[in-house]
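The two complexes that follow have chain A in common; it is paired with chain B in the first and with chain C in the second.
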Partner chain A sequence: MKRWTLALGALMISGAALAQKSASDGIAEYRAMLADGNPAELYEAKGEDLWKKKRGPKNVSLEKCDLGKGPGVVKGAFVELPRHFADTNKVQDLESRLVTCMETLQGFNGAEIAKTAYGRGEQANVTALATWIAAESRGMKFNLPQGNTQEQVMYEVGKRLFFMRSGPHDFSCASCHGEDGKRIRLQDLPNLTKNPGDGIGFAAWPAYRVSNGQMWSMQLRLNDCYRQQRFPYPHFGSDATVALGVYMGVNAKGAENIAPAIKR
Partner chain B sequence: MKKQTKYIAVAAAVGVAALVAGCSSLPSSAELDKMTADITKASFRDQGQAKVDRLVLDDANLECMKADVAGKPMDEKTAKAIEAANFASIKWPAGGQYIGDWKEGEKIAQSGRGMTWSDAAGSENGGNCYNCHQISKQEISFGTLGPSLYNYGKIRGVSNLYAPESAAVIQYTWGKIWNSRAYSACSQMPRAGHKGVLTEQQVKHIMALLLDPKSPVNQ
Partner chain C sequence: MADPMRIRAQAAGDKATVRVLMSHEMESGQRKDSAGKLVPAWFIQDVSASLNGKVVMTAEWGPAVSKNPFMQFVVKGVKAGDKIAVTWKDNKGDSRTDEATVS
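Right, the complex of A and B next:
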């Protein structure tokens, strides 16, 4: 018993020292170990299957869906989103665009999907599709188009939203993501007001989260940031979330995409 | 259902496409501010205790947002006005009783709970202190968004809480926790007392954690 206590004590001390010395190194090592078998691969496989399968009231596949580079072009689409689409005359991110395709091509009810909780029903399918589509641009560099006025407007709106302090704690996105080299507890925080580097921030999501065993899309990532900011609930695919995507995506120009990443 | 219909109607009315129709150049900064406000209104809904009224910005938050977007500090006159208004709102403790129990303060400093849409309404709020500050030496999982508060009272010469020379530091610390913007117009620190995140009693406990010579913070 005594030996156990001693051993446990020693373990806790070394664990504590380790945590202080190199929390991020440890996490990086852990990630590297897991990356060989990132569970995101399962979602990728599911997403590819969903893309090619005939589904929905119209029983057609998504293979004619235009993600910005022409109908059916998947490779390279992810690193140029969000962007303006002529058919909807809106700036859309990957997930809201997928819902448009599911509605127009397959006959699903887009508003219903937008209202569905993350991880459930067709919303879970949108996440799997986004995971596969992101993976098809793995290793490519972010290069969002900014030629269209609406794209430029959404960048400016996204920037304003990023710095909007509100709620009972006065938090904005910039409270945590406005400076280099900061942490919350032991968690490193990327500075998202500029290019934070390859595979960091916008260039990492969708990602598989080890801590809760869930695949998180960018929309869900933003949703949980807003929850922690004590803001009200952002609608799925809302202009505010898309504008933030444009702001972060344009700032990340030249960063290499590693999505779907694996996170703590 | 009713709410959903309303949201769609509003979203359509303020769609970026409608706002920039006919424009081939970027709208003015003021127009972009207006668009941001409209998009914000259309993009969020109530969930649990987190209602959309949380999106109403007070003067301090509006002016700091503008300065941050512009990437330059606000003019001194505006900053001074924000600080004065926030200072005036500070509620000082009844009977000059500033100090609670540091052990309770440590618990509050550790907790990051409260006021999200997934927290039960009315549940006790934490102070979120360790998320951003080093405080005691024992807790190694601390954030770095704010300065280290280790030895906070000791460094400031507080060896006796009741000595007259301790009064100024004690008052400043209370004011800073209650309403950080009273001393720095665009401080990123939450206004724990002013915004009702922490109660007067909780602030007293945090005060003890930082200032009591017996607190581990000052060992």
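Right, the complex of A and C next:
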């Protein structure tokens, strides 16, 4: 009997709470509270330090690294990536570009970094650097270049990958991110086939995940999306992940960058 | 060597709101690693804050505090330009002190 009254009480409370606000309002409120002390700031500070510090076999800093706006220009670089780079003749996203710089400027072994697990060794440093570089473009609007043929090809490839259904569950990115108003449990899923708005989707990563206390880069975000789809893991900085980045980034044209954001 | 803290202190009237973000693993000692072995506890035990060298707040923390903890408190009798220093000490004996100027 006591259990009954308790259950009834709980029902009434949740009913009252629902009348006041939706679950996503509650999550938004919780995030706003956390955003005041977003631990991503710690990674920002670490990234800035890593950028300026002389490191690697050649003992030089990354301050000559070209992120697309000329050597050493950081501000505004994030909202124009992924883009085509003439020196590597490839379309690269922020993280793969950073690895290129660490290889050419500092003498690190790029392939070795790409193989390292997320959050370990130099890979953790790449994430910290990406966090700081993203933060330097906070509040700016996404404007990915599409003038180069390879950039246009990557957009098309990304679009096809986004809609490609495969794996044991016959999933595609579009299964979850192709319509408005979808969610996983209580998390709203952005519709990434169009511009999802300021600070949503592509414009929010890298982000600090409160639930596991980890800083997640875009590469890790995509890697985990593929894990959830039961696909094989994409390699770090692979053409597939960069193509998806181009697709989402171009779609987000004009959206404001809030990265590094804070997530559940 | 532990990573630096981020301290912000903002005065309003004679009070200042201090917000501190600390970089720490805060292992509870309850988790197991991939090999099934218990990860030893590693957390901040003592926190103290001082205003111009005088201690204004102390706290004892335990393993239930989150990773990369955030702390906020209000100090009275503060004016812009005062120095707020925060120190933490963990159960491994490691400690870190950072200072910020009240704005």
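FYI, the second predicted complex is superposed on the first by the 243 of 264 C-alpha atoms of A that agree within 3 Å, B and C clash if a C-alpha of one lies under 4 Å from a C-alpha of the other, contacts with A are read in each partner's own complex, and residues count from 1 in each chain.
In this section, a residue touches a chain if its C-beta (ideal position, glycine included) is under 8 Å from a C-beta of that chain, and two chains touch if they have at least 3 such contacts.
These numbers were taken from a predicted model, which means no experiment stands behind them.
With chain A as the common reference, the superposed partners chain B and chain C fit together side by side.
Counting the residues of chain A that each partner touches, chain B and chain C differ, and the larger count belongs to B. By the touch criterion stated above, A:R264 is placed in contact with neither chain B nor chain C. Figure note: vertex chain A, arms to chain B and chain C, all at CA centres after fitting on chain A; angle 120 degrees, rounded to a multiple of 10. In the superposition on chain A, contact is made by A:G213 with chain C only, not with chain B. By the document's definition of touching, of the two partners only chain B reaches A:K159; chain C does not. Contacts of A:K64 after superposition on the shared chain: neither chain B nor chain C is touched.
Shared-chain residue A:H235: touches chain B; no touch with chain C. Of the two partner chains placed by superposition, only chain B is touched by A:K90; chain C is not. In the superposition on chain A, A:P39 makes contact with chain C only, not with chain B. After superposing the two complexes on chain A, the closest approach between C-alpha atoms of chain B and chain C comes to 12 Å.
On chain A, the surface touched by chain B in one complex and the surface touched by chain C in the other have no residue in common. Chain B meets chain A in the complex at residues 4, 7-8, 11, 14-17, 19-20, 23-27, 32-33, 35-36, 39-40, 42-47, 50-52, 54-57, 61, 64-65, 68-69, 115-118, 128, 130-132, 140-145, 188, 190-191, 195-197.
Interface residues of chain A, counted against chain B in their complex, comprise 16, 19-20, 89-91, 111, 115, 149-150, 152-154, 156-157, 159-161, 163-172, 174-176, 178-179, 181-186, 189, 226-228, 230-235, 238-241, 243.
Contact residues on chain C toward chain A in their complex (touch as defined above): 3-4, 6, 19, 21, 23, 66-68, 70, 72. On the side of chain A, the complex with chain C involves touching residues 34, 36-39, 41-42, 45-46, 213.
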